[in-house]
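Below, each structure is written out as structure tokens.
In the two complexes that follow, subunit A is the common piece, with subunit B as its partner first and subunit C second.
And now, the complex of A and B:
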């Protein structure tokens, strides 16, 4: 209380003296060992805190503020607050609702498949056979190829009736498909995404390596089959890793933006074909193609809420299917 | 302890900020050149010790439209000015405009962008500069400059906000004689325009398929062979139909003439007359297939003759190519407008208008304009340069003759609603499901009206002072 009143007194005496007061308090604080440690901690985190505050928090909340204005790119000097109008517009924007539906659809289709493929590959690569390092490199390779290259590569694979995939189909007397057309565009995108599912191999392998061999040896003695070992030991003990992959996968899928554009467009502002017109693409289009900055911000804040809700939902369900060894022991 | 911690954090951040501030001011003081967006105090007209520092004029233009040698020559002749060329990038420019960081000279499409840049207060009125200039004279400016005029209500009237680099009546048709022969189709008469319907019918006849494979396309255009907004407005100009109300507050795509014009394109796309989303041909634009003898016709302006003269594959047999007048709408009047007229405006926020104008005048007038005219890459903005267009070979003569005829019909300006930014993207978005048979034109036009109406409302509301 005494400290607070001293602070108030310093403030009252004049602004010039206040920084000096802060400096003196600082000097006061570093006199003890604990204070020195605190100072060291704050000094070390301060670059990150400053950068995060200015380049993370500030734009984030400035974007939130803009979402309540009529900003369309050129009227920053005469912004008008429009209340919740931009948020209301989202719910009457058929493209926003459509793209949100397609985004949730692709997330529901791709994320479980991608997670399962990642786990399956990790199981295969967890065996002790010759040349395993080479196999691991090969399967992990797609995740380090730049997205732009992946997009271009798949565009050529899928391209017109003389594209590589259609040439193979024709070789087997199967009809050529319009892979990037209306009917198959989403399937083509899912295939491209699953091709890169090896990105989860590292974390899955780490999870598998963390499972004690004792469980498998004990189950072998009890006569468990490979399937039983997988479903009774591996899968339950991998659920924390699967849970993590699911959360990250869903967040990534809901924010998906560049992949569908790369498949069919040549410029960032080229909208992808309708079935692959996702929510983040719609937001980007509104901001940069139509310069509806305020509306774009409202779209993105709604996306933030949707992601938050879905994440909470997955977290809530996790208590029923995620098994932590530490909890079990506790 | 917590309180002390917060206090310390505040102190550290304050120190950090002070350090950042010092650093910034230090770098500004030591900066060798002044940026175009610096404060007014940095102007060369200032009296002080910085007079020797050159002014940097940021010029938004593509790499292939200005050479480093040309820039160097300008800088040698004008030691007080440096040109910083910046690539055109619509996304980046949108962000720069929103944050007040846009270049001093901004490359735009005169037809599509001028009214919107004027209404948004970005374009500077160049009329006073032109009136004082001995290089660019107002009475020498050709009809395409009118697309850079806007009086707040009518495009084509009022102050001049820009000058085209060069321009073309953009809906003329180029043909490849050999591919017409391959399809057994006679070349149309170059003295009379076809109707658009005739052009699309001709394109279908010229499209040759073998099984699933398209061996020869009938028609290429500047992008995928699908409808775009400038084409629609050209069609409507011929029909004498407008879409926007006089105050731009509303727009109506749900008109029979719109559906008639777009219906021609929907049929053409379904007939695969050119690369499109259905056939997924890898060509990014029609030029790719026309220059490689895969398309019999190309819908493009006079500037395309420059490409034909310079392309490695076509320049050896130019006599195989020729130009036809721009088609007209069925029952419509003859028009041959420019669909773009690429040029530039000067950013009203530039801190160095005189130096920026000097760069502008140098690029859009004088020697560089003459060089562009001699290359035949487009019709010069200034009338006295038109005679410099190539007229040596038979190919040159044929194209020049057709062009002369077209120039008589190039005075009309395409209708553009300044509050509807990127109406082209909006149109294409709604047409795609129609091409794939997933929607009907009626439904697409209703949706287009709804979207356009929202954009107009927001645009007009934001423009109110």
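And now, the complex of A and C:
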């Protein structure tokens, strides 16, 4: 027993619970309460700050730097700055312009639909009747299915010859459609995305639960119909949530590349069919299929700046149309 | 919306709408399940014409399924433990400790959620290549230790409703700041801890792009393996039924954790949610 090591003694005092605790012991030595708290704060957030600096900011700006070079995969030791050449190339690249058009198209078509579906499902669920928990689970379930499985499932559902959807259509004597072909590929993608749109339910439900029941009771007394309640109470009070969903939806849609690739085939480097050839897919292709790293980074940085501008624009104009609860108190 | 009584027509419309939506959401999953039990190259139908449980055996033997599954489990283990603890620590600091520069830093944390992943992923690939981090699991450890901005936000929201008296009592008893977090806040926050670990697990389990970029095939997790290696017959024909079986097996852990933790998941987000 007398041979207890220093380590054992520390263990008994509980200091080895977590290495961080040792650091905190040091914090306790500092005299003033205020500087102690400041130091503790910065120590505790340091994991995030350090990782963000080295694995977030550094790659981000390293990518910006690469977009001004002639990097094509093997010449990392002999990089040459080429100025704005890569950026100029983007505007003369017909594939880039085409893919941008398709991206904007899918964003405009899908985002409002996805947001509306999320809200409508939440409205449907925001009632106190029996079995609601089960419906909530069912609606939410598709959004947690991993994308790999979603892609695989829908590829088989949509299959031209032996897909179940076409089998069902034939059963009702309707013409079979080439779902993954040129004409319907985007529609098929939108259907697949809407199927997973239930993820938006939670945030909408949280918003709906935040609306005081007093409003509805008061309006019932005044004889308001359900439609009036929806348009005069629910919708205005839900605008912050809708607005949040729209922004996040747009940002997500502009950088979408995984879903169309998964809907295409088993190989991640196969380009999707033309209508689903989106901007980020184009960048992904340039980098991983053609090793055009510098050009790919230029493409991505343009996307990044557009997303940034869009976010700022939506945030600054939001006060004209978003109804926050505090506005109406006065 | 929650009016106290529904008349019969309203009730009928409501239940039909709920039922219709449920069918729409479950149908693709059900059809895939039915497909996975059908004989090879059979025309799909609502119910399988035979009960080919063999497809599941082929799903795990035609490719090195268990090896990839092991990789998945390992990646998830690293990611879930580090992300859950680290995000909690950072979230605690943001919700409970006052320090100069805190507000600005929190705005930065929030704004990183808007950062498109692919913009940093590609340069990260080049940097990892330079520093020999490719084909190792270290990046997942480091990313995990950094926590994730969304979860930091979630923790902060949750912690800020815990009464201040608890903290003061702990301080009077001589509890250090870190111990207050570890011994008082974390045990009180099981719903949010469960939410974060389940969401992290689901994200890590399903992520196939990062492993595709940063690892070689031998270290691929299941997600990447299933999206790059197909179940093919005589080198070219994809066997839908076996692939469907594999995809069912692959999503099982995610669905299981969802059912286990959905009480936490939904309440964790709905109550601590976006308010504040």
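Simple rule for what comes next: the second predicted complex is superposed on the first by the 295 of 330 C-alpha atoms of A that agree within 3 Å, B and C clash if a C-alpha of one lies under 4 Å from a C-alpha of the other, contacts with A are read in each partner's own complex, and residues count from 1 in each chain.
Quick note on the criterion: a contact is a pair of C-beta atoms (placed from the backbone, for glycine too) under 8 Å apart; a residue touches a chain by one contact, two chains touch by 3 or more.
Just so it is clear, the structure is predicted and the values come from calculations on it, not from any experiment.
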| item | value |
| --- | --- |
| Touched partner set for A:113, first subunit B, second subunit C, both or neither | neither |
| Touched partner set for A:177, first subunit B, second subunit C, both or neither | neither |
| Partner chain in contact with A:50 - subunit B first, subunit C second, else both or neither | both |
| Touching partner for A:224 - first (subunit B), second (subunit C), both, neither | neither |
| First, second, both or neither for A:295, with subunit B first and subunit C second | first |
| Partner chain in contact with A:147 - subunit B first, subunit C second, else both or neither | second |
| Touching partner for A:216 - first (subunit B), second (subunit C), both, neither | second |
| Partner chain(s) touched by A:75 [first = subunit B, second = subunit C, both, neither] | first |
| Superposition-derived comparison: subunit B or subunit C, residues of subunit A touched | C |
| Partner chain(s) touched by A:271 [first = subunit B, second = subunit C, both, neither] | first |
| Overlapping contact positions on subunit A, where the subunit C interface meets the subunit B interface | 23, 25, 38, 42, 47, 49-50, 71, 76, 156, 159, 162-163, 266-268, 287, 293 |
| Residues of subunit B defined as touching subunit A within the complex | 1, 3-5, 7-14, 16-17, 90-91, 94-95, 97-100, 120-122, 212-213, 277-282, 284, 421-422, 425-426, 428-429, 432-433, 436, 438, 447, 450-451, 454-455, 458-459, 461-463, 465 |
| For the subunit C and subunit A complex, residues of the former touching the latter | 1-3, 6, 14, 17-18, 21-22, 24-26, 28-29, 31-32, 35, 41, 43-45, 86, 89-90, 92-94, 97-100, 102, 105, 108-109, 112, 114-124, 126-127, 129-130, 139, 142-143, 145-147, 149, 152, 176-179, 181-182, 202, 205-206, 208-209, 212, 223, 226-230, 238, 240, 243-244, 247-248, 250-251, 254-255, 258-259, 262, 266, 269-271, 273-275 |
| Subunit A - residues contacting subunit C, complex | 17-18, 20-21, 23-25, 27-28, 37-38, 40-42, 44-45, 47-52, 55-56, 58-60, 62-63, 66, 71, 76, 121, 123-124, 126-129, 135-142, 144-149, 151-154, 156-157, 159, 162-164, 167, 195, 198, 202-203, 205-210, 213, 216, 220, 229-230, 234, 241, 244, 251, 255, 257-258, 262, 266-268, 280, 283-284, 287, 293, 296-297, 300-301, 303-304, 307-308, 311 |
| Complex contacts: residues of subunit A adjacent to subunit B | 3, 19, 22-23, 25-26, 29, 34-35, 38-39, 42-43, 46-47, 49-50, 53, 70-76, 78, 80, 89, 93-95, 155-156, 158-163, 176, 178-182, 264, 266-269, 271, 273-274, 285, 287-293, 295 |
